[in-house]
Amino acid sequence: MKRFRIAGDVSALPTYAFGNRNIHWWGTLMFMTIEGMTIAVCAAAYLYVRKNFEAWPPPPTPLPDLVIPTIAAVLMVLSIAMMTRVHVATRKMDLRGVQRWLVIMVIVGIVLVALRWFEFKALNTRWDSNAYGSTAWATVAFHSTLLLFEVVETAVFAALMLFGPREKKHFTDVEDDAVYWYFMAAIWVPLYVLVYVSPHFA
Amino acid sequence: MRQSSRLWPSFRRTVIALTALLGACIVPGNESAFNPAGPQAGRISTLWWFMLAAATAVWVVVMVFLAWAVRRSRQRDQALREPAGDASMQRGVVVGGALTVLILTAFLIADIATGRALGALPRKNALRVEVIGHQWWWEVNYIDPTPGRIVTTANEIHIPVGEPVQIIGSSPDVIHSFWIPNLHGKKDLVPGHTTSTWLRADKPGVYRGQCAEFCGAQHSKMTALVIAEPRPQFDAWYNAQLASARPPSNPVTARGQDVFLKSSCVVCHTISGTLAAGTLGPTLSHVGSRLTLASGSLPNTPGNLAAWIVDPQRIKPGTRMPSSNMNQADLQALVTYLESLK
Amino acid sequence: MTVARGVAPLLPLEVETVRPDPVAPQVWEEVELTDADQELRKELLDTWGDNPGLWGWLRSTSHLSIAKRYIITAFLFFGLGGLEAGLIRLQLSQPENSFIGPDRYNQIFTMHGTTMMFLFAVPVMVALALYLVPMMVGARDVAFPRLNAYGYWVYLIGGLFVYVQFLLNTAPDAGWFSYVPLAGPEFSPGKRVDTWAQLITFTEIAALVAATEIIVTVFKHRAPGMSLNRIPLYVWAMVVTSFMIIFAMPSVATGSQFLAADRLIDTHFFNHAEGGDSLLWQHLFWFFGHPEVYIIFVPGLGIISAIVPAFTRRPVFGYPVMVLALVTTGFMSFGLWVHHMFTTPIPQLGQSFFTAASTMIAIPTGVQIFCWIATIWAGRTRFATPMLFVIGFFVVFIIGGVTGVMVASVAFDQQAHDTYFVVAHLHYVLLGGAVFPLLAGVYYWFPKFTGRMLSERLGKWNFWLLIIGVNVAFFPMHILGLEGMTRRIYTYLPETGWGPLNAVSSAGAVIIVVGMVVFAINFFWSLRRGKTAGENPWGGETLEWATSSPPESYVFMYLPVVKSRAPLWSEGSERVVVGGLRSDVRDTLTTTLMDAEPDHRQSSPAPSIWPLMAAVATGVMFISAVFTPWGLVVGSVLLFFALFFWGWPDKADQAKRLAGESEATA
Amino acid sequence: MKRAGVRAVVAAGVAGALVLSSCERENRGYGEEPAGNPADAASLTPLQPGPTIRVTAGRGPYDENAYKVNEGKFLYSAMNCVGCHANGGGGMGPALMDENWIYGSDPRQIFSSIAQGRPNGMPAWGTRLSNDQIWRLVGYVRSMSGQLRKDVAPTRSDDMFYGPSEQRAKELTPKNATGATER
C-alpha cells in the first residue's frame, strides 16, 4: 500500500517575512498595477480628447493655477522620503519609530487631502464645462480616491500600532502600506505635470 | 501593379472553380456580397473566395491529421515514450507551425494587395453624394457647385452605371453604418466625424443595403437602396428631381394638398413649390417616384402610403412620425396628391 | 536587513528530480492513512471546516465552498443567457415575426450578450481556477481567502442587480458593448444603460480580485519543489489569463465610469459638441474587449492541456513551447483591439498594423493545437466524454479560428463587420474555444467536485447534440452575414431571402437547448446516483487528484513535495510530503517564487462575515450611484466600516495563534 | 406579531412603489395615445364665480415616463421652442425654468397654453402637433423647473452645454401670475 514519507519539517520556519517574500506585498503590487492602469486610461483619455481642440484649454477656460498644485506636488515627493522612515522602522521592528512616523504620515496625509480640495479649484474649470474639464477632473478625481484610500489605510495602521492588538506580522503589513504610499505619491508627479503644467506649454 | 494583375485573373479562375461546389448552395441574390456588381465588392469577393478556399483546406488538413492521430493512437497498447517518437512529433509540430505562418502570411499579402487594389480604383470627377444617417432613415443630398442644382432625396440613391460615386457620410444623432453589400464594404457614420467611401456599379440594378451599426429601436428597418441606371436615365431622373413638386392638376389632388398644408405634416416635411418646408423628416417633393416608403419598410403603393400615414407606429414602432386622425375622404385625397408627386 | 530572515535554515529536502516524462501508472493506488494521520485529520477538519448552518455558510472563506458557489451561479447565468438566445432565435425564425416587439428584443439581445460575456464566460473560468489552481499547485487554500469571498459576493450582487432591473423593464438595450452616443445621455433615456455601466463595475471588481488571488497563489503558495518548469499547463494558462485581466479590465471599468458620469453629472467624455469623441469609448472598450475574449479562451486551452495527458496516458508534448505560446497569446491580445473598429473613420495607416497583429495571433494557438494532436498521436487514447469534447473543440474552434483570420483583413472586414458572419465567427470561437473545453472540464473534474462520475451515456448524447446543434445553428449565419443580414435586427422583410437560413439556424438553436437539457439531467442525476469515484478516476497526473473526492476542507493533510511535471505519475510506492504545519490554526506554507523552496508559514485568516458586508456596501455604493451621485459618498463610508472590521485583527484568534508559536518563530 | 405584520406591509408597499415607478419610467409605450380628453383643460385663472372649488393638482400622463419626457426634449429643439424660450432661461418668450407661471402650472393648463397658443406670440400648436407630442412637451417643460422626479428628468444632450441638465435642476414651487403659490 502507498504510504506518506515525510521528507521535511517546516514547523521551524518563521511566521512572517518582509518584502516580496510575503503574499501581501504581491497583493499590493497587483492592486498598484490595477490602479496604475486606471490612471493610465484617464491620462490616455485626457491626451486623446486634446486633439479635438485647437487651443488647450479651450478659450473661455483659464489656464490651471500652478501655486497650490506645485506645493502639493513637492509635499507629495517629500512624503515619499518621510514614508521611508516608516519603512526603515518596520524593518528594524522598532515599534516606537513606527508609531511616531505613522502618526506624522497621517497628518501629512490630511494636509495633502486638504490641498487636494484646493487643487480641484486650481483647475479653474467645472467637470461639466467641456471635455477638457471632464478629463482633467477625472484624472485628478481617480488619483484622489487613491490618496484618500491610502491616508485612511495609514490612519488605520497607526491606530493598530498604537492601540490595537499588535503582533510582529503587522510590521510587514505596515511595510506594504508604505510601498503603496510610494506608488500613490510617485504616480502623482506625472499626473501633476500632465494636468497642471502641460496646458501652460500647449 | 502591372505584373501581379496578369497573375490575378488566372488565380481568381482557379479559386472560383475550386469552391464552385460550396458556392452552389449559396444563392447569389440581391443584397449579397457573393454577387458583386462593382469593382470594390468584386475585389473583396475575390479575396473572400481565396480565403474561403485556404481556410477550408486548413480545416480539412487539420481534421485529417487529427483523425490519423486518433486512429494511430487507438492501435497503440502503450503510450509512446522513446526519444524517436518525440523527434517525429517535433518534426510534425515544426512543419505545422511553418505551414501556419506561411498561410497566414499569404492571407496578409492577399489582404494588403486587395487593400491597395481598392485604393487604386479611379476616383476622378466622381459624383459626390452626401448621405446623412438619421434615426431610422437616410437623408441623401447630391452635392453640386451651383446651389440651384443640389437634389435632396431620402433612402434611395440613384447613380449612373460605370461612373465612380463618392459617398460622404455623417450622422447628427447616433452611429449608423452605410453598407451596400453588392457594391462595397460598410462605412460607419460617426457623429462628429465625416467619412467617405467610393463606389461604382458596373451593372444596372437596384442594390439594397441595411444600416449595419445598432442605432436604436428601428435599426432593422433602416434600409437604403442604390439604383444604378445608365447615364441618360440618371440625368432624366436628376432633372425631374430638380424640378419643384408638380402642382395639383385635379380637384382631388388640390384637396389633398390643402389637407397636407393644414395638418401636422408641414412641421416635419418639405414639398418644394409649396409652403411646407420642414426638414425633420424626409422631403416629399418627389415621393411618388420612390420605390419604397419608410426607408425600405413598405413598397410604395397608395394602400401602404395610407396605412403608413394613419398609424406609422404599427409599421415602425418607435418612429418619430405621429399618428394622425383624419377622416377617410381627406386621407384618400392626401394619398392621391402625394402619389401624384412623381 | 537580515534580521527578519527565518531562524531555521532552509530544509534539506532529500528529493532528486525524476526522469522528466514519467510513465502513467496502469492502476491508481490511494495512500493508506496511519492512526496518527487519522488523529491529525480530525484536528484539521475541526480547524479548516466551515461553521454549520446559514451563518456559517455566509461567513465561509474556504476556497472550495466559495468556488463551488461561483461555478453554480455562473452556470445559472449560462442558463438564463441560453433562454435569451432561445427567445432571439424564436423571433428571428421567420420574417416579420411579431413574437417580440423591438424594445423588448433590444433588451433581450443586450442581456444575452452581457450575461454570456460578463456573467458567465469570465466568471466560470475564473471560478473553476479558484477551485483547481490551489489544489494543482499543492496549496491548502487560495492566497487571500476573505478577498475571494468578497469577489464572489460582489459578482452575485452585480448579477442579481441586472436581472432585477431586467424584470423591472430596465435592462440595458444598447448592445453588450453599448456604443455611445446611442448609449449616451441623449439617446438612452431612463436608467437602462446606467444599469449596464454599474454591472461592468461589479463584474470587473470580481474578476480583478480573483485574478490577484490566482497570481499570488501560484507565485507564493506552490508546493515545495514545484519550480517554474514544473507548474502544470492549466495553471500557466490561468496565470496568463489573470495577468490579462489585471491589465485589460481597468480600461472598461474606467470607461464605464466615464459613461455613467456622462449620463449622470453631465461630463463630456463622449459629447463631440463639447470636444469629447465617441471613438474614445470604442478604444477604451475594445482595448479591454479583445483581451476579454482571450481571457475567456486561454483558460479553455489550459483545460485541454490538463485533460489530454490523462486520456493519452502521457504528458503533453512540448511543454516549453506550450507555455511560450500561452504567454505570447497573452501579450499579443493587447495589440489588436482596433480590428473591431476597421469601419470607423480612423486613419487607414494604423489598420494594416492591426491586420498583421490579428493574423499573427493565430500562430501560438496553432502551435498548441499541433502539440495536442502530436500528443494524441503518441499516446494510447481512451475516448471518454471529456476527450470527446476535446475533439469537439478541434472541430468547432478551428472553423472559428480561420474565420477570425479572415475578418482580420481590413478589406474583407468591411463586408463582414457587424453582420451575422461575425456573429457566426464569435459563436464558433466562444462555443468551440470556451464552452466545449468547459464542458470537457466539467465531465473531467465532476468526480473531484462531488465524488461521483457523470454518466458516459448521457455524456455522449450531450456531446453529439451539442456539436450538431452548434454547426446547424451557426454555420448558416456565415452565409446570412455575407447576404446582408446585419447584427441586432429584431425582424427582417420576406423579400430579403433570409427566411430559410434563419429557420435552419433556429432549428439548430433548439438542438443546442436539448443538448444542454441533457447536460442538466446528467448533472443532477449523477449528483445522487452517479458511479462513486475514487481519488483519481481518470488517472490524472496533477496534484488535484492527490486529494479525496470531494476534497476535505483542509485539502492536503501534508503538503506534497513535487519532483516532476507529472507528480502523481512519478510517486512510485510512496508520496513524499512535508510535515510540521500546525493543525490547531489554519496554517499554510509560503514558498519562494523561482524554485518553490519553503520560506515561511502563513496563517490563513479565519472565516468572517465582513467580506459579505463589504460586498453589500460596495453594492449599495454603486447601485445608489445609478440614481444619485451622492450614493457614492454614502456607500464609501459604509465600505470603510466594512473594510475596517474585515482587517482589524481578532484578539482571541491572535492570542491562540501566538500562543502556539515559540518565541523564535513568532 | 402585529408590528412585524405592519412592517412587512410597509416594506412590500415600498418595494411595490419602486417596481411600479421604474416600470412606468422605462415604458416606451410605442403607439399608445394618452387616455382622457385634454379638452377639459383646467381654467386659466383661479378666479371663478360662486364658491371656490379646490382645483386638484392634475398629473400629466408622461410625468413618470423618462422616454416620453426625453422625446419632449427632442421636440423642444425640433419645434424651435428654443427660438423664444431659449433653453428655459427665456428670451422673447417667458422663462420656463423659474417658478413664475403666467397661465398656470397645472399640466392641463400647460397643455392648453401649448395647444391654444397665448398672447404676445405663443403660436397654437394644437393643429400642428398630435396630443401625444404636446403631452411630451408638457412633461419636458415641467422637468425644466424640477417638477419631475430626478430619475425621470432628461440629462444633458449631445449639443453645446448651456447649464446643468434638467435632472440636476432645483425643484421650485410654482407661483401663478399673482405671486401666490399654486398648490
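Here are some notes:
Letters A, B, C and D mark the chains in the order given here, with residues in each chain numbered from 1 onward.
Note that in this section a contact is a pair of C-beta atoms (placed from the backbone, for glycine too) under 8 Å apart; a residue touches a chain by one contact, two chains touch by 3 or more.
The structure displayed is predicted, hence computed values, not measured ones.
The pair with more inter-chain C-beta contacts, choosing from B-D and B-C, is B-C.
Mean C-alpha positions place subunit B and subunit D at a centre distance of 42 Å. Note: centroid distance subunit B to subunit C, computed from Cα atoms, is 39 Å.
Centroids of subunit A and subunit B (each the mean of its C-alpha atoms) stand 52 Å apart.
Averaged Cα coordinates give subunit A a centre that lies 47 Å from the centre of subunit D. For subunit A, the set of residues that touch two or more other chains comprises 128-130.
Each of the following residues of subunit B touches two or more other chains: 173, 191, 217, 317-318. Under the contact definition stated at the top, the residues of subunit D that touch 2 or more other chains are 28, 30, 156, 158, 161, 164. You'll find the chains touch as A-C, A-D, B-C, B-D, C-D. For subunit C in complex with subunit A, the residues that touch the partner chain are 1, 3-8, 11-15, 29-32, 34, 37, 143-144, 147, 208, 211-212, 215-216, 219-221, 224, 246-247, 249-251, 253-255, 258, 261-262, 265-269, 271-272, 274-277, 280, 283-284, 557-559, 561, 571, 573-582, 589-590, 592-593, 598-603, 640, 644, 647-651, 654, 657-658, 661, 664-666. Within the complex formed with subunit A, the residues of subunit D that make contact are 156, 161, 164.
Taken together, the subunit D residues at the contact with subunit B in this complex read 28, 30-31, 33, 71, 74, 78-79, 127-130, 132-133, 158. Touching subunit D in their complex are the following residues of subunit C: 101-103, 165, 168-170, 181, 184-187, 189-192, 262-266, 268, 271-274, 627-628. Those residues of subunit A that touch subunit D in the complex are listed here as 128-130.
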